[in-house]
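Here chain A shows up in two complexes: once beside chain B, once beside chain C.
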Partner chain A sequence: MFELFKVVEFFPKMLETFVYTIWVVIGSVFISFALAVPIAVIRIKKIPLISQFCEVWLSFIRSMPGILELFLAYFVLPGMLDKVGIDTSDWSGTTFVLIAMVFHYAPFISEILRPAYLSVDIGQHEAAASIGLTGFQTFVKIIAPQTLPVALPLLCNAAIDTVKDTSLLFTIGVIDLMGKADLIIADSYGMSKMEAYLTVAIYYWILTVGVIAIFRQWEKYFKKYKLSTGIKLKS
Partner chain B sequence: MGEPFVKIRDIHKSFGKTQVLKGVDLDVEKGDVVTLMGPSGTGKTTLLRCINLLERPEQGSITIGDETIECGKLTKKAMVSFRRNTTMVFQNYNLFKNKTVLENVMEGLVSVQKKSKEEAREIAMEELVKVNMEDKINAYPSEISGGQQQRAGIARALALKPKVILLDEPTSALDPELVGGVLDIIKDIAKTGITMIIVTHEMRFARKISTKVVFMDGGYIVETGAPDELFENPKEERTKKFLEKIMH
Partner chain C sequence: MYPDILIGAFWAILEAVPTTLLMALIILASGISLGALFAFVRIKKTKVLSQFVSVLVAYVRGTPMIVQLFLVNYSLPNLIAWFSNSFLGTDMKPFDVSSLIVIYFAYILNTSGYQCEVIRGALQSVEHGQMEAGYSIGMTEWQTMMRIIFPQALAVAIPSFLSYYMSLIKLLSLAFTLQVIDIMAASKLYSALTDRYTESYVAAALVYWIIGIGLTFIFNKWEIFSKKKLGVSV
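Moving on, here comes the complex of A and B:
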């Protein structure tokens, strides 16, 4: 039997885990993005060897289920690091989670940034060069601000995927929302499955709606450039 | 007479197997307004882009004022630095889409010439007044007409006070009714004594403003002369043919 008051009861119990999940998402998105920028640059410039390495890396992660990457990071990586003298025994579960996430999303996001960068007209690069800007100034002041608005919708999707990937964490013993739900269910001798999972669903929904709202805000900021030359949508 | 202000020697440029410039020599005096003309595909744009180093010639040298580069051996740094002798006005304007008209003109002053924002704004405003754009300074490029974009593009190129300003068919992408306004502005600028190299198919205009006309064909400069001389009495057969074709 479904009892609504249990959802109300479970809600605050999961709050701490919810906040933890937010931090994992933020950490993963930021580190992945920070790495995705140089990876995209390496791939666009086709820098020998590293760019080929990045292509293989990208193709590898595209084929891998998230849970496999998580297991590799948690169960296989420590052994490999041990061989080169790095002791991982006091690393937290969260560390491995971030490693797995970044391993997946850094090349993935680079593949969002690369076409967005290439969509900026060559004339923009040339105009910047023609007034004497350096390559770096051109990138920061002219190209990146025109790349971001193109990339934002797909970056938003990547962030939402990250949110959902956090539901795998309990498989390596990190208490995420799913894990917390299972603990609560166990506490009630399996009686409140529906309420517990509903609470989890609500939290994921809040998180996703929050992510979308943040990206919408950001997209709105770039609207002033009126970069799009396609059909005008009603606002 | 001493050395010319701009001295271009033996410029070669190929794209893959196609040789576009096959050894171009050109002298430009300070304050000259030079018109480059010639049939489509002869390398006029390529020559301007070589002077601005948007293209890198395989061979040849360029002198502007007291700076000379050997094009064969150029570091990236030397390229960026030499490029600052010139600015370019593009056929399709190429205003920075993420910047307002005013910011477009200020960008080089702030980032390249390291002027303060206030000073840059003052200089930019002066140039924008010259091109009649003072009431559009806060518009983004997508919000203004082609003619207005090109006038802003001219202001952006002028604001940096380059030794030479290069204009590549500045009016050929414009609607016919907008051409006159932009040409008038270029005419005014030509009178200020700035050194200018312009590619244009507006022959009457070219004849009026130029101090020197250069006819290019097939990757070479075929003939150079004062405008009246070159238009009335071209020496070379190819120049004659070209002029006959476009005057009719």
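Moving on, here comes the complex of A and C:
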């Protein structure tokens, strides 16, 4: 029945899709982060209309399962874009995946960045203004470094959630780890399901552990900007 | 997009809401009980069991739900059939095992893994001095746990339990892969019946949104209530 050596056999076969999954994770995390910053700015500055729109968006994605967002992007969005005159027939599955991921994680990450930004003491802004820094300089040199140590643990959670959401890509026909497992099972005439999915589980476990390790390193690096620990001056 | 199909889909999907909410509630309650057991094993550092629980928690937290669901789906029925055939003398095939058992097993295991960590953190958030205070007035360890530590830990843990309820409702959307009718499965069924994907999925999104807004409202009410209550007790 269960043969452990099959896992060893399947392991290298899935390496290619594992690399693909990593790229999807990196892509969606970075695009989401890039979009999350302006969303956070809009909500902090309370720009009318756009700010309210972002709040509705946030409440929507909070109650939406990942798989439904994927289906909305893959089945509903093309019809909507078609009406505006955009042809989506030659878009790859990965494009829709990235759209669904960014749609979910951009407001999600902005809701991490906003409280982190607000957690920086108002005195820091005043101190920066008192020595004549401009608004942009204050943000880059004073505020942003102090925001990161607060935001990083939560960003790590968001990245892990992204990793887990990539396991749903096979439902829209993209060959990810789960899709590859399906193919391998079909190759072995449906005999080694357990072994194939165990291999997938091991790959995902490696990926989450890797993400956690990377974020630990960043946390260690940015710890020196945490004001309670004191800013270490290089002599 | 046809509004009448959208409304039809909405009502059809609404019928699956009570089932989904009830399933999530059963899973959450059992998961918390099992998670509390795991948390005690880890706090007491029981040999072997404690290591086993940490591996289980790492597995549950490190792999996506759908992988866990598939792993259980392809192993548990075989195990049950083998057990029942060799010890109870029945003639059972793996596919005789109901997929509801698979769903409950997979989700309860997942919930207990997450809640184990929540409960452990909540129990450890209560100061050790509280335990000593209990001893000093002559309470036994069990009495101190039940009367002093547990109520305080519960106040810390309940928000996490509530937010995991929301996560469970979302996670149950994966159960359609095993033919259990929840909100997502109902919308897939409706889309297959009418051949209209757009309306069914938009209706499902609306249903999830309404549930989400409702639950967020309840969570906020609870937060205000508990803050008031904590203010009295501290």
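Just so it is clear, the second predicted complex is superposed on the first by the 225 of 235 C-alpha atoms of A that agree within 3 Å, B and C clash if a C-alpha of one lies under 4 Å from a C-alpha of the other, contacts with A are read in each partner's own complex, and residues count from 1 in each chain.
One rule holds for everything that comes next: contacts are C-beta pairs under 8 Å (C-beta built on N, C-alpha and C of every residue); 3 or more make two chains touch, one makes a residue touch a chain.
Bear in mind the structure is a predicted one, so any value in this text is a computation, not a measurement.
Engineer: Superpose on chain A as described above, then tell me if chain B and chain C fit or clash.
Structural biologist: fit
Engineer: Applying the touch criterion given at the start, work out whether A:Ala34 contacts chain B, chain C, both or neither, answering first, second, both or neither.
Structural biologist: neither
Engineer: With the two complexes superposed on chain A, say which partner A:Met191 touches: chain B (first), chain C (second), both, or neither.
Structural biologist: After superposing on A, A:Met191 lies clear of both chain B and chain C.
Engineer: Answer with first, second, both or neither: which of chain B and chain C does A:Ile67 touch in the superposed model?
Structural biologist: Only chain C; A:Ile67 stays clear of chain B.
Engineer: Roughly what angle, nearest 10 degrees, sits at the C-alpha centre of chain A between those of chain B and chain C?
Structural biologist: Result: 110 degrees, to the nearest ten.
Engineer: Looking only at chain A, is it chain B or chain C that touches more of its residues?
Structural biologist: Counting residues of chain A touched by each partner, the higher count goes to C.
Engineer: Check whether A:Ala213 is in contact with chain B, with chain C, with both or with neither, and answer first, second, both or neither.
Structural biologist: So A:Ala213 meets neither chain B nor chain C here.
Engineer: Now for A:Ile86: first (chain B), second (chain C), both, or neither, which partner does it touch?
Structural biologist: neither
Engineer: Applying the touch criterion given at the start, work out whether A:Ile142 contacts chain B, chain C, both or neither, answering first, second, both or neither.
Structural biologist: first
Engineer: Chain B and chain C, closest CA-CA distance after overlay, in Å?
Structural biologist: 26
Engineer: Flag every residue of chain C that touches chain A in the complex, lowest number first.
Structural biologist: Per the touch definition, chain C meets chain A at residues 1, 58-59, 61-68, 70-71, 74-75, 78, 166, 170-171, 173-174, 184, 197-198, 201-202, 204-205, 208-209, 211-213, 215-216.
Engineer: In their shared complex, at which residues does chain A touch chain B?
Structural biologist: By the definition above, chain A touches chain B via 121, 123-124, 126-135, 137, 141-142, 145-146, 224-227, 229.
Engineer: Given the complex with chain C, which residues does chain A contribute to the contact?
Structural biologist: Touching chain C from chain A are residues 1-2, 59-60, 62-68, 71-72, 75-76, 79, 163-168, 178, 193-194, 197-198, 200-201, 204-205, 208-209.
Engineer: Where on chain B is chain A touching in the complex?
Structural biologist: 52-54, 76, 80, 83-84, 86-88, 90, 92, 94-99, 107-108, 111-112, 140, 142-143, 156-157, 160
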